[in-house]
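I have placed the structure first, in the form of structure tokens, so that the comments after it can refer back to it.
In order of appearance the chains are A, B, C, D and E, and numbering begins at 1 in each one.
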Amino acid sequence: MTGSMVEAPPAHVPDELTPGRSRWHGLRPYLPLVALAVAAVVPYSTVALPGIFEGPLNSPGTLQLLAVCLVFGGLAAGYDLLFGRTGMLSFGHALYFAAGVYGTDILVTRAGLPLWQAALLTITGGTVLAALLGAVALRTVGIAFAMVTLAFAQVGAILVARDFGGLTGGEEGLPLDVSGLPAALVGVTNTVNLYWLALAYLAVVVFVVHRVSGSPTGRVLAGLRDDERRIGVLGLDPYRFKLVAFTLAGGLAAAAGVVYCLIVGGASPHVTSSELTLSLLVMVVLGGPGTRWGPVLGGILYMYLDHRLTAFGSSDTVDALPEFLSRPLSQPLFVLGTVFILAVYFFPGGLAGLKTRLTPLTRALRTPRRPSKR
Amino acid sequence: GSPQETASGGGDSTAPVKVGLVYSQSGPLASYGKQYIEGFRAGLDYATKGTGKVGDRKIELTEVDDAGDPAKAVSAAKDLIGKGTKILAGSTASGVALQVAPIAAQNKVLFISGPAATDAITGANKYTFRSGRQSYQDVVTAKSFIGDPTGKKVVVFAQDGAFGDANEAAVKAVIGGAGATVSSVRAPASATEFTPFASQIKAAKPDLLFVAWAGTTAPAMWQTLDQQGVLSATTVVTGLDIRASWPTFGAAGSKISFLSHYFDGASDTEAAKAAKAKIPGGTLDLFHPDGFAAAQMVVRAVTEGGDDVDKMIKALEGWSFDGVKGPMTVRADDHALIQPMFQAKLTGSGTDFTATAEKSLTGDEAAPPVTQMKG
Amino acid sequence: MLATRGLTWRIGEVAIVDDVAFDLAPGEFLGVIGPNGAGKTSLFNLITGLRRPTDGRILLDSEDITALPPHRRARLGLGRTFQASSVFGSLTVRENVRLAVQAHRGGSMKLWRRAAADREVAAAADAALDRVGLHHRGTALAGTLAHGEKRKLEIALLLAGEPRVMLLDEPMAGVSAEDVPELVAVIRSLTGDNGRSVLMVEHHMDVILGLADRIAVMHHGALLACDTPDTVMANATVQEAYLGEQL
Amino acid sequence: MTAPVLSVEDLSVRIAGLHILQGVSFTVAPTGVTVLLGRNGVGKTTTLRAIVGLTPRNGEASGSIRMDGGDLLGRPTHRLVRAGLGYVPEDRDVFAGLTVAENLRLAERRGTTPAYDKVFALFPELDRRGRQRAGSLSGGQQQMLAIGRVLLNDNRLLLVDEPTKGLAPKVVTEVAEVLERVAESVPVLLVEQNLAVVRRLARDAVVLAAGRVAWAGAAAELLAEAELTRSLLGVGSGDHHGTPTPAGVRKDES
Amino acid sequence: MGTVILLTLTGLGLAALYFLVASGLSLVFGLADVLNFAHGLFLGVGAYATWWASGNLPGAGPDGLGFLLAVAFGVAAGVLVAVLVELVLIRPLYSRTIEQVLVTVGLSLAGVALLQATWGADARPFPRPHWTRQVTGILGANVPNAGLLLIVAAAVVLAALLAFLRWTRYGLVIRAGVENREMVTALGIDVRKAFTLVFAIGGAAAALAGALGGVYFGTVSPGQGGSLLIFAFIVVVIGGMGSVVGSAYAAVAVGLLQQFVNYYGPSGLGDVCVVALLAVVLLLRPQGFAGKVATA
């Protein structure tokens, strides 16, 4: 019975495994490339979107915010490989992200390695860590799996907080020593390069997840989500496939950590918290698990709200409201929480499900409905 | 537009001076942030004699909430810098201060850290200053409670993590260095049941117990120390937190010797009077002086430096001024803020407590050792 | 081809499967009948490795497979259907079968190939769907199929894996009368080609009598008889315990 | 003919945009068994579920389903059941995590004395296995439990979806007998694939095809005419032994 | 010796607190299959309502009967909020478990922020009877009375929950309802009512834990519930999801382990040990201590 909590990823056929049949069929494969191109030239635009961003699109503040959003879009897409596509509910994904953040930071700041070496080592290390811990955790299933992964992540959080040997900086975090970094990544004027880095990361993750989901392995993962026992009887080892998904997702998360560390310029224990995993879950469900763009959109939107709501809370519009409204509204978390709840109601199946939700509406508009007796 | 363009801080002599304040308006440290900003406004008013202007130039404040999250603070700082802000201040949390400081250095803007107590901000880089006290100054104040430390036994009770580490190290250096034996009992910050630690402390039979504990579990901790008889067996010293927390000490409050950064009535300077008159409610609290001093430093920097950050730094280094707490000096070597500290007693019951100053230490008495400027 | 020796599965004191020994020759069709709860499905679970026997051995091609996990046994050519349909509910019918084909042909651990591009897999899957008459439901989500359709999909999944030994657990339950002959024909064709063996549990006596070379009767976990259909049907115990008074 | 206990009129069900039932109308006589026939996927289960108000959330039922003059459509399931509508679902749907005894206890209805004797007399297995988890029962045993829990209570109409599926021939006979006996006092709407059972029990028959009623009338009439049976059900009706056995199925005609 | 007794009794007090928090969580999770992240909010509601009542409700106060009245008010508030949450937020989402979890996550964020917006982020002193601040000497150990109070309250709650599960049909209905909600209604049972009831009880248990937690900590703050939640989760999982008795065992194990390791081991090891215990139990026995799902 408790299994149902884990079976829960709403059934979505992987996009990649269903043939598209729309009128835009011929164009669709190119849309992501167009989107990527558009995103890549955003920094050349001085368009200001008042209310949405503080400054024009090419201002460092906006680019920084976008970069953070993009990284989390990628991180959520990677997490969805576990949750939405394989049906594994991990509560400890933050650990691999945190390993990426702290790994990079420590190797650069404390060990003085050049960035590319630090990044390579960190991603490898994060992947190996995921493989090792996954190998243990995957001996359990369902809620037990969720809790074991949570436990591992919690140990990670405790280790970071304990600050062994002054390595992590404990609750104060560890600012990144930029002296050894390529100049193009340092300084506010170079925020654009971080933006491009984040965009590249997102593109890679989306491509990888898309590719893997549409691969023979992806098909097996989709099967695992529904019925693990059946996969075994078909002659495939469920454990191996789950471990592959877990490791891959872990590696992608570690890579996200590397990029994030550069963008934020340091590590802080926020990234080790179980709340982060929970947020990942929220992002994925907000966007639509098991869909290609849902988790990406969910991640971007979540981070955007998370950052921008603080500004919203202290804006004049809110201050002008009567106190019983302005006080809760000036609490960013209040607004964020309310937004989730509303999102769950109004976009069941996530943002990606919006299209299908609207289909009946458009159909109804086209063909007048037969009056029913009820 | 070009992707690498940032607004330049207009150099003309009547353009407003942009000052960015990044601090906690929401999140766990929201109350500290509130005091800080109230203090800042009062200080700005005081330093500009009510005009809000330096010469013909208006000081234009942009306030951003970081919710205690360094990532948000960094985003905000980059945004402000991108818009031409040359002066950043705020930083309620140490984690935030430590991440913003390098951003300031990379982009060559002035950064005046706020309530964040971490010692690591002192000497972090030449662009970074502080308007509040640091952990070391707390510890030096604690030392003043035991007279001659030689041969005395001191126990530090602190949370795991950087804050506890810093306090433990400071006690070892300050009190241990003066001849006392220092040992420590550490507890996880998440602990909710303190009997084991209280027992350990009791077993150690210290002459002085220094407690460095922050967070909502503090009252439970004090109650346990009291119940297990630690408070009556030895001198216990800790930092006095904001006024709202006083009632949570309960009966334990009167048995503790407090070192204090500031409380209402600890000083009676001109600045304190001005601050008192200006802030909502009229009662000063722990972090009002930090905001007040930050505003004084900003005005000094702009007056002397205009838009030139290097000149601002020159103007601040070695500068002495009269703050809310009394005379303060920005030490040129490492930008530590030399300031008076206080010993306090808490009396009262229920929800009604008052703090009274027992003694005050001069800035020099409480001064931290000089650290090497890192960048 | 497939054989068990002293196969026993106990829960506590109760033997659910009790000292079962039989041999399945290549190309043979062995029907399994017995009252509800006799242990037929449990026997299948032991053979396919979903349950571990408390005693006894299972041999495939005279090799001991008793300790192998389910997927290893499947790779050795053991396939089965489930009594309670267990299909991949959130995948389309066609993807269900493709997955089975792919599992059989190997190459599932390929992260970087496009699954949809493999025409051979697609063709084999479509052939399997054709055989059970589910072709027209190819794009429906398996979870939304009507009961009888799921039964057919079960069989298609089995066919797709081209196993050498097939275990069918009540394939006809819930299949509409009209479709029974077709499915019977499909199942019959299984043994015909290249000496595959079938073990089938079924309560439809006509179907099993029409298909089986031999019939094994289970009762209280034990093998009561294993003989030609006529002999078995004439057995008094079978008549009394299993068939009862016919409608 | 007396007034029907249940009359379904122009019942339409759409699920996930598919028009599954397209105007189904039939009646259930106040006594005896009315059997609902048709190929896999024509909508038999959907019809029964619509009657007890279990159309899925992404579906929509319209038309009218009248029992004792009231319209059942739109009323909550638990009310309908308490009012005497007994439902035996197709997939048994026993509560796998609960024991057999708990499953039965759950089915007790307030205000009536549960007829445990009747049920245990019919399925002694259920008595014996009271403490076993229902999920570990064999398929047939689960089916017994699903039927048994409805028979615990007095009902005004029984909706039974393929009760003999997966049961051993002997038990099939027994279940058929039980239903026959039950039907003497309570009308039954039965979905059944086993023609032998149909032949034994059915008084009226309704044949569905592609979401519509293809034929309705006395069961005897349907089964008597070989041609009709073949065209509607796709099987010959000459054979009198259990399940249909069209020519060619048997290996060796014995 | 005195130390061991002291550590044992205070450890049991801690265990009692964990159990009080976990019991409602366990009930809702085990029966209704909702991993209720808003449980911390219910805790906060109970604590703040008690705090508010003792200052504002006529007759209520920090001592004696007044205190009981204040706690009763807090529990009532917890029940009210829990019922509203079930009716408005959870019920429309039944069978969409993940979404239910998300709603509770959203709720915990929004609700705690709302508490903070209303009463501020800082801890407030909690009104409590004088004797709860004192200690009782037991075999040479000064055992805090608040801990003893928690132990008694936990025992009462445990007994009450067991009685509820054993003597009423609701436990059965809900367990069945989680498995297959539709089928329960098809047996003529209004399963929705049962779910609301479970939430109400969960809310009551949480609110009580909140109020007694206030006594224990001496303060109330918006985040208090959330910080206890992580250990409560661990207790629920180690105990076997949804088994109330299992949770009780697990709470004792976790409380004592933490207490003793914190005393005899190096700092911070207590938490690590608890987490390690969780991992080990799950790896060896994924179903937890009790092993049987959702039983009394």
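FYI, a contact is a pair of C-beta atoms (placed from the backbone, for glycine too) under 8 Å apart; a residue touches a chain by one contact, two chains touch by 3 or more.
All values reported here derive from a predicted model rather than from experimental measurement.
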From chain C, the most remote chain by mean C-alpha position: B
Central chain of the complex, centres being mean CA coordinates: A
Centre-to-centre distance between chain C and chain A (centres being mean Cα positions), rounded to whole Å: 43
Euclidean distance of C-alpha centroids - chain C vs chain D, Å: 27
Where chain C and chain E are represented by their mean Cα positions, the distance between them in whole Å: 49
Centre distance in Å when chain B and chain D are each reduced to the mean of their C-alpha atoms: 77
Contacts with 2+ other chains: residues of chain A: 1, 158, 162, 330-333
Junction residues of chain D, two or more chains touched: 97
Residue ranges of chain D in contact with chain E within the complex: 52, 54, 76-78, 81-82, 87, 89, 93, 95-98, 102-103, 105-107, 109, 149, 153
Chain A-touching residues of chain C, taken from the complex the two chains share: 48-50, 69-71, 74-75, 79-80, 82, 86-92, 95, 98-100, 102-104, 107-116, 118, 139, 141, 143, 157, 161
Interface residues, chain B side, partner chain A - complex: 1-7, 25-26, 63-67, 69-72, 74-76, 78-83, 94-95, 98-99, 101-103, 106-107, 118, 120, 160-163, 165, 188-189, 375
Partner chain B, residues of chain E touching it in the complex: 3, 6-7, 10-11, 13-14, 17, 113, 116, 120-125, 133-135, 142, 144, 216-219, 221, 223-224, 227-228, 255, 258-260, 262-263, 267-268, 270-271
Contacting residues of chain E [partner chain D, same complex]: 169, 172-173, 175-176, 179-180, 182-191, 293-294
